[in-house]
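In what comes next, chain A is part of two complexes: it sits with chain B in the first one and with chain C in the second one.
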Partner chain A sequence: MDDIATDILRRTIRKIPVKKLQDTLKSWEHISTSQLETLDFSQPKWVFLENLRSLCEENDLNVKHVTELEMIYHIRNPNQGTWHACQLLEAEDEALSVELTQFREQFKAHLMEVMRHVSVKIKKHEDQAIWIRIAWGDNFNKPNQLKPTYVVHYLQTPYVFVSKLSSKHKPYLYQALVLSTRHSSIKDAHLSGSSLIALRDLLMRQYQQVFPTNQSRPLQERNALPSHPNIGKEHAELAEKRLQMACEAFGDGTVPKLETAVYRLETKYKGNGNDTLIDRDEPFKGVVQFTSTNLLESLRHCVASGMADAPVTPLLSSITQKGRNYFVITEKGPGAASQMTGRKI
Partner chain B sequence: MEGRGSAVKTPASRIVKRRSKSYGRSCVEPPSQFWYTPGQLTIVRIPTSREAAKSRNITEKVDPEKVALLVKNEWKLSHVTPLYRFRHTQLKQYSRHLSAFIMAEKQQGVAVEVGPETTFKVTFSTVLGLAETEEDAETVFIQIHSKPMFAAAGDVPKVVWSGWLTCVNGDPEYLRSLPPDFVSLPLFCTNGPEALTTLVKSWLERTFDCNCRSLILNSTILNWLAVLWTGCHPTTDIRYLKLDWTLPTDPSLDISYRLSPQDVWELWNSIHQEDSADDTVSLEEVNRFMTGLESHFFRHFRIYLSAGTLMKVSTSLGSAHHNGKIKIACSNYIPTVLTLLTECAILRMPI
Partner chain C sequence: MALLTPFNKMPELNTANILLVENEEQFQTKLADVIVNYEKQINVNVRLARKLPLPIENADTRPRIDLVVFIVNLIYERSLQAMESSIKHLDSGFFVGKVCFLVTGARCGSVSHERLLSVRKLAASLHCPMLCAEDQTTEGVRAAALRLLSIVKVSAGLVPTATALYLSALTRCTLPAELDQD
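Moving on, here comes the complex of A and B:
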């Protein structure tokens, strides 16, 4: 156990709640059951850590093993830091037959080819997700184990989620991903958030969707007695319609938990009766950011309650339709409706 | 101040009807002397126009060191009713009294979040030159320094709390109507631990028979600030105008709209008529400007911003939050901002 290994062990153990320590260590599989029994989990963390460290020394564990524990922690707590979604493009014929062993070998090989010092760890999670931990170094320095990049890829899908990646390492990672998954390119999906699961659900449409229908849903019973049955009915119908449209745009039930959506507006001024600006050719620039603890739920409520007009504008429904939360809105041409273009990478 | 609505003088004999809202003394409190002032009460109206912001190098008038103190911090605003028997000549005495008051409260076990073994030293000083008119009382600056009980020789007392009472371009009719023993410094800005703010406020209330309440900046005030700052753009680069709204959805939705300074200034310039000799801005223009921005937003997102609350306005010249926190980043516009806030504080006064 060198200093770095101890450091990673300390940082990881600190983050794990006491209740989950035993379970996490068990799944790590580098400390035997009998050794685990000697540990007292009710001790203060720093005392516990000393005891654990001596067990690690006893078992001759090194950085490689400790980083595995760190990975287990991250896999069990995926909603941390900021995840950015990327999308692989133009799958080759073999793309669908890529399996774990092959991917593991190729990914490592492609990365090692361009970087002398890099340490890669790949682990498969239960739900088909492949977790990759990359510690980057350069030609002269050993990999920095304390600032690893985490990558999650679902095999046979075009989606990759990346966390803590510096722009310096981006090209290397992208190239290795493209080659080992048998695609021809990769692009930024303009979707980010702290919940990995939410990003995945949004992109893979794994949430309760509502589709446009001509049949109205049965009216729910309401407690308040309306002043006049017809007025009440009309109100209820309108409210129901708004809710239907809100759900069509943002999903029903529990929706993926996004925190923000950003729109860079580069459209012409469209405000109320101001001829000077409306006649102007240059765009009226601004950046709009929506923030909430659960953005899609807030927007759904916003439309359903009438704080926003229904039907939902394509700008907002694009969050779910296109699976993005970063947009640049420009004018298509003179007089044309706004159009969405992505940020150039 | 021609633009202000005419103040109505109330005859002495008639019972004074108060404006719809007053956040100060309540009617049920025992009547103080202030309540019985004969026949000089004015009704302050919300102005419908005001002077456009003018850049002025106030360090020519005010000690630059003092200006630096005002510009550095974020201030929490309160409004204070007129101070009874406050004298600018007795600041030394007030310093001693407030120090003693804080120490006494601390011994009684009032939580003050600075280590147990500390002593406090309070200094009162005036910020000369910030007052704009004859009627404005000079600004009073209060600092609380803390010092460890057993300080080493090199230990410099640390400023743990600061605050200032000010009045800039206060409504002259209102100020003139005050009885002679009262000094009006309606705007109280504080920065530091909440516990100390509470202590200072309660000392002020006891010593000068006044009442301190937090000042909320409503959307009208924030709109004014947005416009006044935007109007500064040709003189001083505002870099951005950022407006923050909160919509009462479940969970609540925050919307921030950051605008390019040049575009937003052009919008303002197309609305604002600059023909009059004294460059005034009317409330109607302010409303048209804000509606212009909100409708541009609506055309894109179809969300009614009016359903929510404008929470914050910021530019590189400063920021103001609905909860009464302000920051003035550029000293050249201190008089403009303080005039607006003084007026906002005076409007809260019980009449």
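Moving on, here comes the complex of A and C:
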């Protein structure tokens, strides 16, 4: 056990709640059951840590093993930091047949090719997700194990989720991903959030969706009738229609938990008064940001309760339709190069 | 434009009908529950609406409306605007004691005083009473419901010796002269 290993061990153990310690250490599989029994989980963490460290030294564990523990912690607590979604494009014919061992070897090989010092750990999670932990170094320094990048990829899907990636390492990672998954390019999906599961559900459409129907009203029974026969709602039908439209746009039941939606405006100023702004040729730049603990739920409520106009504007509904929460809005028509990245309105 | 009229339907025996109009649809449901559960002597029907005009489809099933209550939440500017546009769809026959304004959120410190003043001015110009209510506590809701009940009983003609016009002459909102200047 060197200093770095001890440091990672300490950081990881500190983050794990006492209740979950035993379970986590058991799934780590580097400390035997009999050794685990000697540990006292009710001790204060720093005493416990000392005991654990001596056990680790007894078993001759090193950085590699400790980072595994860190990975286990991250896999069990995926909602940490900010995850960014990326989308692989133009799958080649073999893309569908890529399996774990092949991916593991290729990914490591491609990354090692361009960087001498990099440590990669790949682990498969139960729900088909491949978790990749990358500690970056450069040609002269050893990998920095304290600031790893986490990447989650679902095999045979075009989606990759990345957390804590610096822009310096982005091209290397993208290249390795594209080559090892047999795609020809990768792009930023403009979707980010702290909940990995939510991003996955949104992109893979694993939430309860509602589709437009003409005749039947599946939501009718859920729309609680007035509790008393003497209370009559004049706008019951309208309210129902609004709820239907809200659910069509943002999904029914529990919706994926997004925190923000950002709209970067690069359009001309439209409005009354203020002649200096109207006459300007260059776009009026502004950022509109919606924030909430559960953004889609909030938007759905806004529409259902009539606070927002009922046929949902494509600006809001494209959060779920296109699976992104960052938009650049530019003027229609030819011109502006920024249209490349954004969505035209 | 379909005007809501007060006298185009026959009244029913021992029945009072009240229409609550609120853009937010929060307070009106609470009020409605209290109103229908409290009154045992007569039959009180509550109609809930978001705005006027009311949908044409319901015109046949809708009873004769004895009292229209506009609920304005001063916290929202939109609430005030919605009320102002709804009023235009009301027949003038209602303004003889069959309209009442219910204001909530007046005590909230962040609310601009102008909004309350504009509701008061409107109520004064239409010769209607304006009530202030507390919508956060159950006692507040109950108190507001009871006041509405006593008004609707009069305007439905269920109280001998009192008429809606007589009551509104006594309870209508007035503005002090100095506020009326601007």
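As a working rule, the second predicted complex is superposed on the first by the 303 of 345 C-alpha atoms of A that agree within 3 Å, B and C clash if a C-alpha of one lies under 4 Å from a C-alpha of the other, contacts with A are read in each partner's own complex, and residues count from 1 in each chain.
Just so it is clear, a contact is a pair of C-beta atoms (placed from the backbone, for glycine too) under 8 Å apart; a residue touches a chain by one contact, two chains touch by 3 or more.
The structure presented is a predicted model; accordingly, all values stated were derived computationally and were not measured.
Once chain A of one complex is fitted onto chain A of the other, the partner contacts of A:S305 extend to both chain B and chain C. Of the two partner chains placed around the shared chain by superposition, neither chain B nor chain C is touched by A:Y154.
By the document's definition of touching, of the two partners only chain B reaches A:Y263; chain C does not. By the touch criterion defined above, A:Y207 reaches neither chain B nor chain C. With both complexes placed on chain A, chain A has more residues touched by B than by the other of chain B and chain C. Contacts of A:H235 after superposition on the shared chain: chain C is touched, whereas chain B is not.
With the contact threshold set out at the top, residues 305 of chain A are in contact with chain B in one structure and with chain C in the other. Here chain B touches chain A in the complex through residues 247-260, 263, 266-267, 270-271, 291-297, 299-304, 307-308, going by the rule given at the top. Listing the residues of chain A that touch chain B in their complex gives 263, 265, 267, 269-272, 274, 276-277, 280, 282-295, 297-299, 301-302, 305, 307-309, 312-313, 315-316, 329, 338. The touching residues of chain C, counted against chain A in their complex, run 19, 23-25, 32-33, 36-37, 43-51, 54-55, 57-58, 61-62.
Remark: chain A residues 226-228, 230-235, 237-239, 305-306 touch chain C in the complex.
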